[in-house]
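I've put the structures underneath this note.
Two complexes are shown next, each including chain A; its partner changes from chain B in the first to chain C in the second.
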Partner chain A sequence: MIKILKKHYEIEEKGERLFKIYIKKEDLLKTIDFISLSSNFMTLSQISCADWIEDEIFTLNYILTTEKRDKNLMVETNIPRIESKLPTLLNIFPQAEVMERDLHEMYGIDFIGNHTLYDFALEDWKEIPPLRREFDTLKYVNEQFDFRAGREDNKDVKAEIKRRRAEAKRLKNAKK
Partner chain B sequence: MQKNRELIKIFHGPQHPGITGNMSIELDLLGETIKGAKTHVGYLHRGFEKLVERRTIIQAFTIVCRICVPEPDPNEENFARAIENLAGIEISEKAKYIRTMVLEMARLSSLMLWMGGQSGSIGLGTIGQWSIYDRDLILDLFEELTGGRVYHMYIYPGGVRRELPDGFLGRLSQLLDHLEKRLPLYDNVFFENSTFKKRAIGVGVVNRDEALRNGYVGQVLRGCGIKRDVRRDNPYLVYEKLDFEIPTFDGCDVYARAMVRRQEIRESIKILRQVIEQMPTEGAIMQKIPKHRKFKIPKDDTFVAVESARGEYGFYMAGDGTEQIRRMQVKGPSLIHGFTLLENLLVDEELSNVALIMNSLGICPPEIER
Partner chain C sequence: MQEGFIDYQKVLENEEHAIKSTQSVIQKAVDWFRSKSMFVLAYGTGCGAIEMPPTFTSRYDIERIGVVGVATPRQADILIVSGYCSYKTLKRVIRSYEQMSEPKYVIALGSCTINGGMYWDSYNTIKRLEDYIPVDMFVNGCMPRPEALIEGFVKLQANIKDAKREAGYIRYREDNKFYKNNQRKIFGENIEPSYEANFAGMNQ
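Moving on to the complex of A and B:
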């Protein structure tokens, strides 16, 4: 099975049962179609995405699994962070619909051909897609929510640790 | 309503005793028959995957177990193993055995909880009270071992955090004796109960070919007669050394999935007995790892998976050479089962079967909205 794929792709062996190939985004559809039909990697287990903001790219890994569920193949492709688009895999794997909807909401990636890219876990979200690196969770929380009454004397933990250490050191020196 | 043969729309959940967590299913009904179903999530989104990206390993470790409430330990194991893979850490034999023990105790605990939910979904509330009592006995041991009843924070990259308490394996063995004595009781009141059989046989029938093609996992596959289990197919920890069966049933329906779970409780007890017998008496429980502020994860990625009590449960993880994880993405059974499968399975079913079917698929909404 892996031998068949080795004829067509350069395969990285990440473990005894985990393999990886790298492809261009233009080749995604035909590659996944080819692999799912010609090899035993017949189902889609996960579509994962990582944001490499310093390189201005998203790295997507389509994790395919064998019929026996004994090996996994990661098909990796990079897309630009700006106007990020990829074709949908809906026509090959029905489960891609919900995975793409999730990634659309969290990263703002458009999956061309998937017409159900509406709200998933967030409702009426107007901000930057939250799993993009530039989305600042703490800033968002501070802007959107008020702290419960009774927490006005909250202290910054790091500053407080630093202050206490300095105080302990000062007392120790004073004793000497 | 029925007179006009018009569809009405109702929301099953998120506040509904038959929903396994905070999730809602939008149903189009023709009388009592479901003509369309759409899953809605978002009632419990805590943003764990985002939070993890801004924390060091020891900080992230304390929240990953919270991704799935009924079964937190597979999250800990995936998190630890993904980091170990990336950082090139090999854990000791003893730590592998202890982790296997924890995961099997978690499986038993989760299956007991499932029994409570499934029986409750058809009005057999007493069974739930019994099985939750038995689950509590398992949680007692978890408390003794880890300090926590539900969330354990015990499996850490490099091994496990505490040595087994004196006499722990003996107490575990006694608990297994107790549970084994209880199993015929559960058979009588639940699995062989004519009410349950009438309600479950022929309901929520999954197409066998679709089950493989669409990536369904766990009891959904095994309830279709397909023998798939990560512990056997892609073994981890010490499962290769243990003797156990992968139970399958051919019905493809709610009853077949329940019978798979019934047998899995027995197999889990069998595994735990072997672990107790084979547990190494000596050896480190934790490898030497860098101090947490200096624990850097190389720039690479990996995918790891375990067989949770509900099916294959995986983590994709990418490191970027710093102390923080660049990306951790959870792949649980619930995303595909809760959307791709459930939405189709409910069509033409009766309204009263919604909770029954949902429970049988092992859907855990917190794990969808990680």
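Moving on to the complex of A and C:
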């Protein structure tokens, strides 16, 4: 089945079971419609998003999977971070409704045609969407909450583990 | 007195160990009955809820000390907040708590309710539960074992029986402004719950 797709798109093989296509955002609906009808990548399992603040883009991966769930196809597209808009996939995959609602809440991406883009897990959220990288989580937490006393002397866990391991090693060598 | 044995009578007569109680005899009896029948709301938040089924079923069988699960807040005496509370969950917790009839008590289970636990830097999880609802007993651990929860219940029973500490619901009534202000700080002005009946919708 992947052979049919290879006639139309440049497919990058990431492994035996994972393939990837890079497309422009204008071709998104057309491409996914075509793939879902003409190949055995027949359902959408996930939409993932990465925030590349340095390049001013969001990278979205639409992960399509086969009926037997043995192969995955990632359809990657980039959109600008400012006024990020995409057409909805509701007409092709109904399950996209929740995934798009989640992305709207966490990144502020508008999916045109999806009418469920209101509060989901975050109720009464007044700040910018929390998974955008310009949102400073630690600053927000320190302003919003009062901590119980006793956290001042907490240690950096990774550094502490490293120090303890080095010390154990030193003691072991000294015994020898 | 034989050597190696404690003279319990002396211990009891010692002023340090005497129970300093201002309860009347009837109040004492009422509190004793109250401590022996605690109805727990069947409600779980976060991962701590997984410790409750073994506590309530045959493995640890907490019913032997008089703790029973009930289905609705209006029948319940005890609310167990079992783990982290996000804003969305906290709203439901407060709503359940306010619907419970007095006397009512809160047991906070796990580190997350004490100081945020592993969610200390989460944007959406509260750090100290006692800022929003009064807590009668903290059980620490991540996660606490059912034994720890049972110990918490036993200590709470002792607190109720001897009236050692002021119960949380009294604090909630007296310091209501403190709790409501804290709740308003994270929920904004449209704070739930609103108990005003919606008469406009009744005729439809």
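Throughout what follows, the second predicted complex is superposed on the first by the 148 of 176 C-alpha atoms of A that agree within 3 Å, B and C clash if a C-alpha of one lies under 4 Å from a C-alpha of the other, contacts with A are read in each partner's own complex, and residues count from 1 in each chain.
Following the convention adopted for this analysis, a residue touches a chain if its C-beta (ideal position, glycine included) is under 8 Å from a C-beta of that chain, and two chains touch if they have at least 3 such contacts.
Keep in mind that this is a model prediction, so the values were computed, not measured.
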{"item": "Touching partner for A:Pro130 - first (chain B), second (chain C), both, neither", "value": "both"}
{"item": "Contacts of A:Asp102 with chain B and chain C, given as first, second, both or neither", "value": "first"}
{"item": "Which superposed partner A:Lys14 touches (first chain B, second chain C, both, neither)", "value": "first"}
{"item": "Touched partner set for A:Ala121, first chain B, second chain C, both or neither", "value": "both"}
{"item": "Chain B versus chain C as contact partner of A:Arg69, first or second or both or neither", "value": "first"}
{"item": "Contacts of A:Ala50 with chain B and chain C, given as first, second, both or neither", "value": "first"}
{"item": "Partner contacting more residues of chain A (chain B vs chain C)", "value": "B"}
{"item": "Partner chain(s) touched by A:Phe93 [first = chain B, second = chain C, both, neither]", "value": "first"}
{"item": "Common ground on chain A, meaning residues reached by chain C in one complex and by chain B in the other", "value": "121-123, 130, 135, 137"}
{"item": "Residues of chain A that touch chain C when the two form their complex", "value": "121-124, 126, 130, 135, 137-138, 140-141, 144-148, 150-151"}
{"item": "Residues of chain A that touch chain B when the two form their complex", "value": "14-15, 17-18, 42-46, 48-52, 59, 61, 63, 65, 67-72, 74, 93-95, 97-99, 102, 119-123, 130-131, 133, 135, 137"}
{"item": "Interface residues, chain C side, partner chain A - complex", "value": "86-88, 91, 114-116, 120-124, 126-128, 131, 185-188, 190"}
{"item": "In the complex, chain B residues that touch chain A", "value": "41-42, 45, 47, 49-51, 53-54, 85, 212-215, 228, 230, 233-234, 301-303, 305, 312, 314, 316, 318, 320, 326-327, 329, 331, 335-336, 339-340, 368-369"}
